[in-house]
Amino acid sequence: MELWQLREIVLKALQEDLPFGDKTTEFLIPQNLFGRAYFLAKSDLVICGEPIVELVFHEIDPSVKITWLYSEGAEVPKKSKIGFAEGRVSSLLKAERVALNFLQHLSGIATTVRRLIKFLPEKPLLLDTRKTLPGLKILQKYAVRIGGAKNHRFSLSDGILIKDNHLKALGGLEKVLDKLKNLPHYLKVEIEVKNLSELEIILKSEAQVDIVMLDNFSLEDLKKAISLIRSQKPNLKIEISGGITEENLKDYIQFDVDFISSGALTHSVKASDISFKIEEIWEE
Amino acid sequence: MELWQLREIVLKALQEDLPFGDKTTEFLIPQNLFGRAYFLAKSDLVICGEPIVELVFHEIDPSVKITWLYSEGAEVPKKSKIGFAEGRVSSLLKAERVALNFLQHLSGIATTVRRLIKFLPEKPLLLDTRKTLPGLKILQKYAVRIGGAKNHRFSLSDGILIKDNHLKALGGLEKVLDKLKNLPHYLKVEIEVKNLSELEIILKSEAQVDIVMLDNFSLEDLKKAISLIRSQKPNLKIEISGGITEENLKDYIQFDVDFISSGALTHSVKASDISFKIEEIWEE
Amino acid sequence: MELWQLREIVLKALQEDLPFGDKTTEFLIPQNLFGRAYFLAKSDLVICGEPIVELVFHEIDPSVKITWLYSEGAEVPKKSKIGFAEGRVSSLLKAERVALNFLQHLSGIATTVRRLIKFLPEKPLLLDTRKTLPGLKILQKYAVRIGGAKNHRFSLSDGILIKDNHLKALGGLEKVLDKLKNLPHYLKVEIEVKNLSELEIILKSEAQVDIVMLDNFSLEDLKKAISLIRSQKPNLKIEISGGITEENLKDYIQFDVDFISSGALTHSVKASDISFKIEEIWEE
Amino acid sequence: MELWQLREIVLKALQEDLPFGDKTTEFLIPQNLFGRAYFLAKSDLVICGEPIVELVFHEIDPSVKITWLYSEGAEVPKKSKIGFAEGRVSSLLKAERVALNFLQHLSGIATTVRRLIKFLPEKPLLLDTRKTLPGLKILQKYAVRIGGAKNHRFSLSDGILIKDNHLKALGGLEKVLDKLKNLPHYLKVEIEVKNLSELEIILKSEAQVDIVMLDNFSLEDLKKAISLIRSQKPNLKIEISGGITEENLKDYIQFDVDFISSGALTHSVKASDISFKIEEIWEE
Amino acid sequence: MELWQLREIVLKALQEDLPFGDKTTEFLIPQNLFGRAYFLAKSDLVICGEPIVELVFHEIDPSVKITWLYSEGAEVPKKSKIGFAEGRVSSLLKAERVALNFLQHLSGIATTVRRLIKFLPEKPLLLDTRKTLPGLKILQKYAVRIGGAKNHRFSLSDGILIKDNHLKALGGLEKVLDKLKNLPHYLKVEIEVKNLSELEIILKSEAQVDIVMLDNFSLEDLKKAISLIRSQKPNLKIEISGGITEENLKDYIQFDVDFISSGALTHSVKASDISFKIEEIWEE
Amino acid sequence: MELWQLREIVLKALQEDLPFGDKTTEFLIPQNLFGRAYFLAKSDLVICGEPIVELVFHEIDPSVKITWLYSEGAEVPKKSKIGFAEGRVSSLLKAERVALNFLQHLSGIATTVRRLIKFLPEKPLLLDTRKTLPGLKILQKYAVRIGGAKNHRFSLSDGILIKDNHLKALGGLEKVLDKLKNLPHYLKVEIEVKNLSELEIILKSEAQVDIVMLDNFSLEDLKKAISLIRSQKPNLKIEISGGITEENLKDYIQFDVDFISSGALTHSVKASDISFKIEEIWEE
């Protein structure tokens, strides 16, 4: 996550929330009032988004001081103070909601990811997907890493993944396999298969496929598929996806696969519950 | 929702997902291949985001034709086709994920909102909050309206809402009430109270307060509060918020309040399950 | 006025005035030449725009030092030095015109506003309108506040104001009044009326109208209108507008109205006369 | 004036005026209501800004039709209809104020310029200056041309103009004249002088000066200066500036000068009085 | 190359070349003058950039018609007309230089690439690098493809390439090889080696390296290196780079390598010689 | 070259090269690793681009320290260290390629220009043209000045240059000469002529032409042309252009002309060979 990239999204978020200033604060809060506020974890969470919170406050007022009691990625118990913002009260109030909107969303991702990977042995690796929220991809994928999972490709430009629509468009898997050698030489080739017969076409083919994605396989078929792959193409990496939830994750960890990917990590995020409380006030 | 405002977020989303093109599609799919694909509802949902989906496809390729079987805001049963995109296959594939990311998120919001408002009589109105995802506020608040709820203020510039941190900063509710007459004359004044004694200060005050927000009140206190307000200040509107979930919503609809607001409508969105399937292919 | 919002307009203004640098200065003025210049009030004025002047100089050269003899909003007598800019002479010369263009325009607004409000008792409040110059709204409305008047709504998003074209579109005032309950709950409702009979419709209606704007009323009708309103709807606020000029303002201050609004405050601004004079030069 | 340059300022103006839509119109005006409105000249004026008005309406709604009864630059008598906008009423209402803000400002410039040049024989030419409003330079200078005057340089990059601060910085006019040969070869050289003795230095110098600006000369000195220049350097063009107003313009037109420049043309604009009236309504 | 991405660079280029319009054309060319002009190849070339030329003309004037006699990527003999632009003469003249600047640069790249790949058998593939001109990467890499070569990674985000500075930072190749398993799973791993001993470390290692880049090897060492690789790690792809020029390219094509990469394709481009000539004029 | 203008091109270049970070560096290089690297001249060169290199590093990491052994514009012998970058190794590696892409291109221009002007006596001045690379005009023209040549006009807005297409459009040189008096008064007039008969029309005309460009004249015709001009219009400046290369430049310096212009200075740039080498590493 590069800070020079984040200024644009921060300014956009501020523009959205203060197009003509903060009417409540401007009319009520005197400029000579200073204070200290804290971020409070209202549930157990993995904190994520500290650098962007700092950017939010500093765009509004470079003199606000931010200090953290828990560092980025730390597990914060419910009811803990996470960190402090100290400075002009009007600046604290203007930044509060935008800062929390970032912090709650990113911590929500990191918290879910951390909980999931605790179920997982070293392998399989948990992966995200391209099912990200428009404009927030870089931040969401950062939160996935902070949570402890790995990123799948970021975009259509940095990974080859051949899916059902490609197969449909080209008239089936065999025809796709014939065309693989044209692909960019620095990217690995991953193909999504829907069933055992598609898998068998790949296993028989001499085309260079690096990763196979077993999509929406039943547990029974999954077992067969893994056994076929490990015996016939031991270098072929296995990703599973589709319908894997926090509830049934335990059904899958028995399998010898390399990657489990989940769109829900980024497309259906439950925000962490964090609030921002002024605790002390003084005049300067 | 103004279309001239959305081009920026659409271009940003495309730039995020195709900074250097779609490597898989460019190398596999011939330019003379055309096709028709449909959007498929994989669960019951309220469809939302059709205009932005059109914008996504048309930025990539103005010749793609989009037709809808269900209009914006309609309730779509699981397994229904929602609409079609027809045109160059490479254009369909490049736009697919970005279009779905918008459509699944916005339909997710609209679907939840619609489900909630079916529990509610004409009053109270269900409201959203400023707990929106950075950069997506206009779209999220649009989806709330499509779902059938009402928008609370959009930003700090278009509504006065005095909250706990303002009270803390100014030394308590009495001091705040003294300063109310300076506020912009075209905005109503809403104050958040945390308990019955704060409420009583407002009820006794002559200051002009238009709406009171009862935040995190117990059911018992809520009952007392409403009774006090209705008898003493019948023109004061009542908003309740805090801890109201889909599960306990039924506990609240018994009360004579004007508004129920919920941050979760926009901060913790469960995406609708929608997929995009090519169903026919031809060469031109 | 938020500084993070102003950088864009400052950079745009610099880009307009120095797309390829300052040819005169670059070719004539050596880089080792330093100096101090002052801003000179060539007429009595209320100074406004100091923070944006600082931004202009600092974008061009962060090492320029700006000091002010009169603070923002002060009344500066003709022939007074207002403040100083000290630093590399080439930087001073590059920034001079853009800085003055902002300062003269904003001081022009603040000066006129200050002069007008001196005629006015505590009530009515003088208000601006949405008749602002494209791209300069935030700055112009800031200058209105510095001058001492109040802002009316900033945009079509943060206030309800029903005007003659709405009435024409909906088939008259009665039909409009029937639809008022749908409006956003956090905004007050203002309606413009053109004559006494329209006013009477409002006075008889039970619809919730918070403010009435008496537009272009004769002095005689105004007197009647105010008397009707104050006796029949004492809580209804009164705004008058249309044809009120500096010259005839005294005719209006006799009336018991709440607000006087004037588009000319921002649409027809007479710039303050300010110049920028180098007073001392040295080499470093 | 290039249309591809204007979209940015139009979008900025719309964003300023409708950050979250037009609340009044959205809640009151049904989408199936169509109508025709006209622009009405409420005073005699020179109409200017038609292309940008079209852009404003078309960004909001490409289906609105604009027709003009008076073409750009025409003299429109008071009470005349200038043109029509026809289409969805909600689109007309959203665009109204932004369109008028452009049209009234630019027509204000063109109207004043036209009035002034009617006093002037073919020579001197009336010129604008760089005293333009930030962000509006291209439009303001366009309105000056529509009015019938000429543009002086647009920016510090496209003209050499040596002013009092350059002289002060370099230690006097003689030292400046020594450095002139370094200037960009494609630009003419203009020097501002404050009095007859500075003028004499130029007249005696062999340095290549193309234009001399006589700034704030008394009528008497002006007469002497012109006589000296015409007899000694007949190729030297003469510009006069400073303190020339509409009132005293007649005092100056007796003189044999080439250019008269006036900052007030763009820094102190009186907006033309134009309104926008819906005249017919129908449903579609 | 996505057209929605190119509008920004086209508008930037127009803004650079016409910040305040085309003074020569505006003042000399009447608006009713229409004409047809052709693009003329003044040397043998591979034409590249037609879509962006169309974009340039259409931003300035959507009514200009462009037709091509040679399609994108065709080999155009010296003195041939390449295509036509027909429309308002002032529009043709405003667009001319910006259009040619794109066309000459991109055709220059495509022409050089085409000439080089004619020397090369099917293998090795000629590759570009990240040594591109700032802001022009997408266009330059597109021209490389039009010329007939392949793109290496576009950015630091879409390929793993471990170079001398990484080795220096980590204390040598062995230490790097130990850390390879952490790399993103969808990207192949390429390592640059400077000499045979570094190569031998890779050949002995069990780390997964997909491509080795032999950088600046002498012809003699190259021969040895290839022989070692092909016998010991037949699946390891070989890229050579460094000091390979058009002159000595023939020395290298004898070798059994997979890729030859050349920074000069994009960092040292000789523009193709193309001019734009009006051939017919009429009034409309 | 104004630094506030360059941030946009630097951020664009970084965005192009690190849309989702530097995968190689992020996964291999620990954050506690610091180091010092130097820029190495691999050929004799004139260094140009130091301020923009600093901007590149500081956008990525404000704590990187840059020091220069040769100042901007200095002649650096092959194998010399030019300067140092010291700081976090991951920051150095992320910035390396973008910084070099700027530095090599701009030094390439400055080096060629410096070599050419060493052939030239004080007159003629070497000039660049508008044949610049899109988006890089300000930087390229800066490098021309650092090299020691002069800039011709930057854009179509800041110079009058009448070329063959204007003549064709207007029906010949005579017709053009008739229209010259309308041109902006602050710009000189240059006309391009293709042969002696066109030149003679200018020499006979009374129209005010300041500079004549002799385009693609043979040496013989050039001699005649210069003699005619100097004898008949001694104040007319002479520019020659077309087909002048480094090789035949010596043929031209015998002539008494004022300017030689060359498009190749900016349209066909050979990058300077500069590399970036880490020389020391430590942990912090």
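Which chain is which? They are A, B, C, D, E and F, in the order written, and residues in each are numbered from 1.
As a convention for this text, a residue touches a chain if its C-beta (ideal position, glycine included) is under 8 Å from a C-beta of that chain, and two chains touch if they have at least 3 such contacts.
Just so we're clear, the structure is a prediction, and the values are computed from it rather than from any experiment.
Each chain's centre was taken as the mean of its CA atoms, and the one lying most distant from subunit F is B.
Between the chain pairs B-C and E-F, more C-beta pairs are in contact across E-F. Note: the chain lying farthest from subunit E is C, by mean C-alpha position. One finds 45 Å separating the Cα centroids of subunit B and subunit D. One inter-chain figure worth recording: subunit B and subunit F are separated by 52 Å, centre to centre, where each centre is the mean of the chain's CA atoms.
Each chain gets a centre from the mean of its Cα atoms; for subunit A and subunit E, those two points are 34 Å apart. Taken residue by residue, subunit A touches two or more other chains at 18-21, 94, 138, 154-155, 157-161, 184, 187, whereas all remaining positions touch fewer. Within the complex formed with subunit A, the subunit F residues making contact are 11, 14-15, 18-21, 59-60, 94. Subunit D meets subunit E in the complex at residues 1-2, 4-5, 138, 141, 154-155, 157-158. Residues of subunit E that touch subunit A in their complex: 125, 150-154, 157-161, 184-188, 190, 211, 237, 258-259. On subunit B, the positions that touch subunit A within their shared complex are 9-10, 12-13, 16-25, 27-29, 33, 35, 37, 89, 92-94, 96-98, 100-102, 104-105, 108, 130-138, 155-162, 164-166, 168-171, 176, 179, 182-184, 187, 264, 267-271, 276-279, 281.
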